[in-house]
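Next, two complexes with chain A in common: one pairs it with chain B, the other with chain C.
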Partner chain A sequence: MATNRLKAAGAALVSACLLAGPAAADLVFPDLSYRTGPYAANGIPFSDGYQDYMTLLNERDGGIGGVAIEVLECETGYNTEKGVECYEATKGEGALLYQPLSTGITYQLIPKATADGIPVHSMGYGRTSAKNGEVFRWVFNYPANYWDGASHAINHILAENDGDISGKKIALVYHNSAYGKEPIRTLEELSAKHGYELMLLPVDHPGQEQKSQWLQIRRQKPDNVIMWGWGVMNQVAIQEAVNIRYPMENFIGIWWSGSENDVLPAGDGADGYKALTFHNLGDDYPVYDDLQSYVVDAGKAAGAGDQLGTALYNRGMYAAMLATEAARTAQEIHGTADITPAMMRDGMEALEMTEEKMAGLGLPNFGPTFSVTCSNHGGDGLGAVAQWDAGAKEWSLISDYGPADEEVLRPLIIADSTAFAEENGITPGCN
Partner chain B sequence: MPDQLLFAMEVFLNGLMAGVLYALVALGFVLIFKASGIFNYAQGVMALFAALTLVGIMEGQVPFSHLINAVFGTEVHHFGWHLPALAAILLTGVVMIVLAWVVNRLIFRHLVGQEPIILFMATIGLAYFMEGLGDLMWGADIKKLDVGLPQGINLWIDETTFEAFGYGFFIDNLDLWATGIAAALVVALTIFSQYSKQGRALRAVADDHQAALSVGISLNFIWVLVWSIAGFVALVAGIMWGTKSGVQFSLSLIALKALPVLMLGGFTSIPGAIVGGLIIGVGEKLFEFAIGPLVGGATENWFAYVLALLFLVFRPQGLFGERIIERV
Partner chain C sequence: MLYREAGDFKTSYREDNQSFPIRFDRIAVQVALVLALLVVPFVINDYWANAVALPFLIYAIAAIGLNILVGYCGQVSLGTGGFMAVGAYATYKLMTAFPEVSIIVHVLLAGGITAGVGVLFGLPSLRIKGFYLAVATLAAQFFLVWLFNRVPWFYNNSASGQISAPERGVLGQAVTGPNAEAWVTYLFCLLFLLFCALVARNLTRGTLGRSWMAIRDMDIAAEIIGVNPLKAKLTAFAVSSFFIGISGSLFFAVYLGAVEVGEAFGINKSFLVLFMIIIGGLGRIAGSLMGAAFLVLLPVLLKNLLVGGFGWPTDLAAHLEFMIVGGLIVTFLVAEPHGLAQLWRVGKEKLRLWPFPH
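Entry: the complex of A and B
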């Protein structure tokens, strides 16, 4: 009798554990998504791409190294407080990595995740100086960061002007927030180096009304406009540029201003608009065949299955691919499939993305080749330029992946990360 | 004429146009507050919901298609039609009337006589419910709205001002249309409230609920009527703002632009909403033009509220609001 009770209690305990959360052996990747609120149109395709790629690995390969992946989705609504709540709610589930898709949430998670020993990957957003891995031991921002982006934009304008932009006027239309202000310092430094005049035009959240800024652009006629926007600000800016007949080929946005959502409302007028990117576009990759058959057709897609191949779906998928490849690297380094967050960090610090590896994953030439080290958490900072074809309704790369101006950026990153280290009593190093 | 003066004139005109768009949103708040004393927090979401519904109907999108497909395993997304804009606007108007009826039947009918703060809280709940409902019905993707309104620079104004001053003014065709439509809307509302039986009943309710009830006016009918009109005004605002930026969930935030207009123009005056909108539009644009560059720009959001607060100091009831004197 007592034995039966013990068995029953044991079975109940096992059942409770199974119901309470993912099995201990699962590789847990929280997805801090936003499918509701003003930024949902951007959050949905990113999250769909992220989750669908994880599902593909589970369905096709049985997970990573034979261990299933568990995605814990938590809705942040692009709200920093909710993002922190999501972190607190999921970190105890064995979370290996956080990718919050929000600069505000990333800033809040940096001290928390550092204290908890869980890696954060802010891919193309977040705190730029996190590239210095000797200070930000648990934070990564490969393959490119905001300052790289600012430099890529200037490099592109330089290339279009035979390397001489002295005397040119370049306007920055930016979201008046910590995110939008990120490139200003870099653009000022590059202005001193190349001799262009920088014109700053902040736009208040959410950016639905930008008449003043675009009237100023119409009056002052800058040679180029760079945009640092997100959400509705992008659509309104592109429409206003069309309205004042600003030449779209001289208008270039950061990668967060370069989705289909941003250009489609402006119709044919958006033709020729450019945006930076750190991954390729479209759906002409073998992995999409697998996504279609193993995930979408099998009814296992995270969303409606209608976002495949869009810029933000690709970015979410790319984020998932980089996460899972880091996990695979961690498994190889430590000789175990059941990795911990600390092992995950080791995998991220040893990550090498080669063309051969991407081709093997069904993503040939999908992103730049790069490697991560302990001291360099930002990769090689390569970026490319894409252009919108309104007739075909598609983005296409119009440049190769090129480097940022390290001569200018490196001192800025060292200065910012050193200041952070001093403020927080961190001794830089790789131990 | 000096360049700066020409630029200031251009900014002034664009400020007027922006003010009309703010006034369109403020108008919905005023209508409901005037008739029922409810500060309708959901007015911005009503504009979003109306615009979503309009695009959905025009494009023949099946409402709740994601839910239907998930539950029944079907693959329905579109009815296969593309309705003309006018027909879609009329159908959306019907949807907004049904919504007004449902809102009153299920919420406000049960809250008659409650404190204003309770009614306000109810509209907060309504706002979040409608945002979720809109998402569930039509999806969260950004939708292009094209009802045939022209957009872009008005060439006639550009050329005429260029000939006169040597500098062509930029005025957006959409803003000109918005001005015309807003003017027509105000005239129609004025005629309706002054000369129709329902309009007079509406004014009676606005003046004194109890007295209106005592002469046989149905409070429920009036509330449904006024919520329907506010729904139609929200539809017009949704069309204008949705055409500018695409129909997306941040459209609900246009309510933030209406608040300083209401503070300035008063919560109970239709002309106040219009004049308040124009003052806010011109004030914030001129301030951004003249002072913005000296203080780093992005002054419009906060300056609108500063301007409204300045007016409030001298006229707490707003520029056109009713002065309420209560006996102690």
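Entry: the complex of A and C
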């Protein structure tokens, strides 16, 4: 008898486990993160911010529209092959949206996710011409992209030189990959327009060897250096710039080269280094009180829980916020709380970020307002410049959010997306 | 009791020289082939194809190629990644230049182009050997990656420097591109692996293979008995590069669909394939397959076990994975320096005697 009861209990337990396994229909957001390898210093804070914001919504509001969020973390190591494995492993779990935080993996996923009907949001990275939503139906890159970033950097240099930079020499130190090569075409176009001389200095993966590049900078003395770096390359570049005593205020990084982890190793020497950003910095926002009480104090913080308030943590949180707001929009449009990836796409395409919305989320003034439409998957492309204060160990915005040079960028985006459409037999359109 | 030669009579030279002289082996291989060709395509899904099967099949082809050069001919090469890149970029240029030609032809042509490049970089092997040759091939690795990064013609001037495979098919089924079905890509790569394995096996037991092995074992003696070192070394480079080119081509067109040369075909790839043949067994076709399986499947298995099974944090699992795979490599090599293939051979010897080993 006893064995029978035991068997029955065991069977009940097994069936309970089986039923509890696919716990109803959660909203699944895969987090293709990297906490190992040469890019981990930047991958960890972003992923922590992304997951903590999702945890906050689960703990405080019970998810989105009453449906719990499930974050599936998968380690990619910033490696394309592992990224593909992660995509294949998570897409069957009902993934609503992919944010791979890697331009290489984004290029990989654009055709795959389009064929599978799952949206991709490459926020401030990925393929720039995905801004043209008529060609890239499933890919979004709001609120800003690389070509916007290149233009912001040039605009900032223009503003510092009273609008005239003809004859100046500007160097681009870039990660020798799809990511680092993105801004070259824009910078070349802008160079034709403004008359500066562009100097290209590629740095090979992972970027620990930069002596020769910075020796060249020391010899040729460019007036400004723009950097497209990521991971360990950022720290090395900033240290090398300090070593050759390059004036830090003439050194501007893209938003991916502007985290605390990039400047801290160079100590006081990094004072005055500039980086672009498309959202605000610091932890002076009401949402941080909730994060503290619902997530950190409850012991549910992702990772070591020591990245709160850093630039990339904020960006991860911003990415999660835009994703969940798009999911909310999708729920409203379709009148159901259980959304599918296709509905998620509609929500992203109808996303509007207003001042009231951000204030309601505890993030007043956190980023510029924008709205997404079918023909514009890239938002308004506003960006600002932040400067590092090594004494106070914090970033502060030194400019307002300004627009990019759309006059130059628009034709480039049309040309690149049209070429993609022709190559892949896509008829551009909103249906 | 099952594993016996007794009663399995060979009555012709042909039978005497077959690849699997023991009946049990023959049946096992035939069953495996039937399973792989007729059953797996019906059950395979996207995950199994893209995360497990394709990388295994493609790396196995690369490992067979490198094994011909290193294992059979004794010429150490660290240029595998560069040669795979030649295969990939050749396929890309062919695919975009001649869209109407079948992808099978493109893959084979890409192998041929890589063979040519391989012969070119094999020329130094006529003068230098051992570690010095390894350094020369290392130069090939860096030169080729630099070349594909530097010259925009190779990537059709795309802004990002990436190459991406357009959709091409065989018999109306898409093989490349995002709409390719899992079973089609699987079968496509499997057939190429079988083709390469068969060709490699038959080359290595013919005149050519014997001249490679003569060069490997002692080049001066080989020359004295009439082996032409120029011909032997350069054919080894050509055949090896042909297979590596095919694997690079499939790696780009079928498996990833979009690559950039620095990341996909860096020095790490050269080391990975070299480790595969060292762990699998130098100078053994089966060793190439075992080594590829070991280094491709084990990390995926460990990840699924640690993260999916135990629910451990992903970073901890990733670090543990390095330690476990590294530890196993050391253990295997200490236990059997000639690799998994030798381990398997010793196992077979024991099986033949079992259960009466004395």
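Following the convention adopted for this analysis, the second predicted complex is superposed on the first by the 408 of 431 C-alpha atoms of A that agree within 3 Å, B and C clash if a C-alpha of one lies under 4 Å from a C-alpha of the other, contacts with A are read in each partner's own complex, and residues count from 1 in each chain.
Basically, a contact is a pair of C-beta atoms (placed from the backbone, for glycine too) under 8 Å apart; a residue touches a chain by one contact, two chains touch by 3 or more.
Bear in mind that the values here come from a model prediction, so they are computed numbers and not experimental data.
**Q** Given the alignment on chain A, is it a clash or a fit between chain B and chain C?
**A** clash
**Q** For A:Asn424, is the partner it touches chain B (first), chain C (second), both, or none of the two (neither)?
**A** In the superposition, A:Asn424 touches chain C alone.
**Q** Kindly classify A:Gln208 by the partners it touches after superposition: chain B alone (first), chain C alone (second), both, or neither?
**A** First partner only.
**Q** With both complexes overlaid on chain A, does A:Arg219 touch chain B (first), chain C (second), both or neither?
**A** Only chain B is touched by A:Arg219; chain C is not.
**Q** Please work out whether A:Ala178 is in contact with chain B alone, chain C alone, both, or neither, and reply first, second, both or neither.
**A** second
**Q** Where does A:Arg35 make contact in the superposed view: on chain B (first), on chain C (second), on both, or on neither?
**A** Both: A:Arg35 reaches chain B and chain C.
**Q** Classify the contacts of A:Glu75 with the two partner chains as first (chain B alone), second (chain C alone), both, or neither.
**A** second
**Q** Of the two partner chains, chain B (first) and chain C (second), which one does A:Lys112 touch, if any: first, second, both, or neither?
**A** A:Lys112 sits against chain C, while chain B stays out of touch.
**Q** In the superposed arrangement, does A:Pro265 touch chain B (first), chain C (second), both or neither?
**A** The answer is first: A:Pro265 touches chain B but not chain C.
**Q** Out of 114-122, 168-176, 204-212 or 276-284, where does chain B run into chain C after the fit?
**A** For chain B, the listed stretch overlapping chain C after superposition is 114-122.
**Q** Residues on chain A in contact with chain B in one complex and with chain C in the other?
**A** Overlap of chain B and chain C footprints on chain A: residues 35-36, 40, 176, 202, 204-205.
**Q** Enumerate the contact residues on chain B facing chain A in the complex.
**A** Residues 7, 10-11, 14, 17-18, 66, 69, 131-132, 135, 139-142, 144, 146, 151-153, 170, 172, 241, 244-246, 248-254, 257, 285, 288-289, 292, 296-298, 300-301.
**Q** Please name which positions on chain A make contact with chain C in the complex.
**A** Contact set of chain A toward chain C: 33, 35-36, 40, 73-75, 77, 79-81, 84-85, 88-89, 91-92, 103-104, 107-108, 111-112, 114-116, 127-128, 176-178, 181-182, 184-185, 202, 204-205, 303, 416, 423-425.
**Q** Where on chain C is chain A touching in the complex?
**A** Residue positions touching the partner: 45-47, 50-51, 55, 149, 159-162, 164, 166-167, 177-179, 255-260, 262-264, 266, 300, 303, 307, 313-315, 317-319.
**Q** Using the touch definition from the top, list the residues of chain A that touch chain B in their complex.
**A** 35-41, 44, 176, 200-206, 208-209, 211-213, 215, 218-219, 231-232, 235-236, 239, 242-245, 261, 264-265, 267, 269, 304
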